[in-house]
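What follows is a pair of complexes built around chain A, which joins chain B in one and chain C in the other.
== the complex of A and B ==
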């Protein structure tokens, strides 16, 4: 059952895929990664599905994702 | 340019705080965040987890204003890069706005580490570098923004405490459910005799 409120994706149609991936990731992160277990990531398939959805939404919404660096040389970005 | 820094101690171990940070949204202190997306995630050669995320926020303008200026203009996007080192026990987050960059630049950096003297506590150091562009009142505006960031940092810490409480409650609930589901077949086995 859902005890935890869940977040949406910026791509409205991607929210289910995002939540499935998040659930997988959060479990792996807490039970494996933080405990030093370097065995494989079980979430790669879910991540791929989620990514193909969200990257499309980002392009459609014209969200300016790029390799923006923290206080990097291209901080003087033209336009918004 | 305005630089704002702060340090804060959480009465929780680093692992708890880190798990909470990865699940920070949604929370009641950040109602304007309407979307959180992972853009990329990898483990590097030193075993550190790198995540690149997109945070989508909405200013919460009244709908009449939004219908005049258009929905796209009311959204702000922030890109965040985080690194979790499970061996060294550090979580570092860097974020920057990727929209309205011609007007303002807000770069934030947060580092969570175990408290050097008290291992059951976590120290958060954070800094923000703010620039307002091409406006003569820029240092005044930057001062205003620094106050907002300071207030928001307080909210951010409250948000972390909220998420930590929820995580602990969830663990507690799962434990109770697990105990219950073991008890029932055992009770049935006893009565079956």
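== the complex of A and C ==
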């Protein structure tokens, strides 16, 4: 039964858009990206719609994601 | 500061693990994870996938902490997970931390998933975590609690990933789901109980003595 349950988006109205995008991404990731296939990403339109919805929800809920450094504080790692 | 380090082998190939990484929620061990969203994603010029995911999780404080930090009860925890997938080097690196409740407790985690050098059909996972608290007088108790909860969550996270792998690819052992959920919950409960006792002891040692009430 768990197979058919999916996660919700933080934006209540964005869940459908999120699920559509996730489905597209998961297929592209496994079948194209990981295999080195450089053909176009078929999910860009879906991603735009989803992002437009969820970024609005994030602002409305005051979730502090702006300006957070990607991958955290820069660590010097020799030979990584 | 309390820190944690572990190294383990996941008995699935790196490509299966990386796919499962995006699909591990929901799972029977993740009832505390409420929402999941990709808030940024792009492919770099050198074909690495960069992603930022926002998760909201329930804020389950032990009862002694609820009493001392009532203001922290109301909001869920926002967690940001950054990741880089490099199919060229067959590696996935992640960096995860909470955005709020940070003064009370900050948990930071770095993971590296990599095709196992000794066993190419397996994936090695190296995990490091740090727990800090800035609350004067309580930081040791909070750090103990935080570290214990992290360990318990780490167990659940591995179970969740294995669950996703089993469902996607039929990888790994076939285990009866209910028994494993019960077993994992029991282990998590035991660890949490032990930590609660330790933390309670530290908290009452730190708290100011309450005057006796005579009714």
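Just so it is clear, the second predicted complex is superposed on the first by the 65 of 80 C-alpha atoms of A that agree within 3 Å, B and C clash if a C-alpha of one lies under 4 Å from a C-alpha of the other, contacts with A are read in each partner's own complex, and residues count from 1 in each chain.
One rule holds in what follows: a residue touches a chain if its C-beta (ideal position, glycine included) is under 8 Å from a C-beta of that chain, and two chains touch if they have at least 3 such contacts.
Nothing here was measured: the structure is a model prediction, and the numbers come from that model.
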For A:29, select first, second, both or neither according to whether it touches chain B, chain C, the two together, or no partner. both
If we overlay the two complexes on their shared chain A, which of chain B and chain C does A:10 touch? Say first, second, both or neither. both
Partner chain in contact with A:52 - chain B first, chain C second, else both or neither: neither
Partner chain(s) touched by A:64 [first = chain B, second = chain C, both, neither]: both
Touching chain B in one complex and chain C in the other: list those residues of chain A. 3, 5-11, 14, 18, 21-22, 25-26, 29-30, 33-36, 38, 41, 47, 50-51, 54-55, 58, 63-65, 68, 70-71
Would you tell me which residues of chain A are touching chain B in their complex? 3-11, 14, 18, 21-22, 25-26, 29-30, 33-36, 38, 41, 47, 50-51, 54-55, 58, 61-66, 68-71, 75, 77-80
Going by the contact rule set out above, which residues of chain C touch chain A in the complex? 15, 18-19, 22-23, 25-28, 33-39, 41, 43, 47, 49-50, 52, 54, 56, 78, 80, 82, 84-85, 87, 93, 95, 97, 99-100, 108, 110, 163, 167
Footprint of chain A on chain B - complex, ascending: 15, 18-19, 22-23, 25-26, 33-39, 41, 43, 47, 49, 54, 56, 72, 77, 79, 81, 84, 86-87, 94-96, 98-103, 105, 107, 109, 129, 166, 169-170, 173
Applying the document's contact rule, which stretches of chain A touch chain C when the two form their complex? 2-3, 5-11, 14, 18, 21-22, 25-26, 29-30, 33-36, 38, 41, 47, 50-51, 54-55, 58, 63-65, 68, 70-72
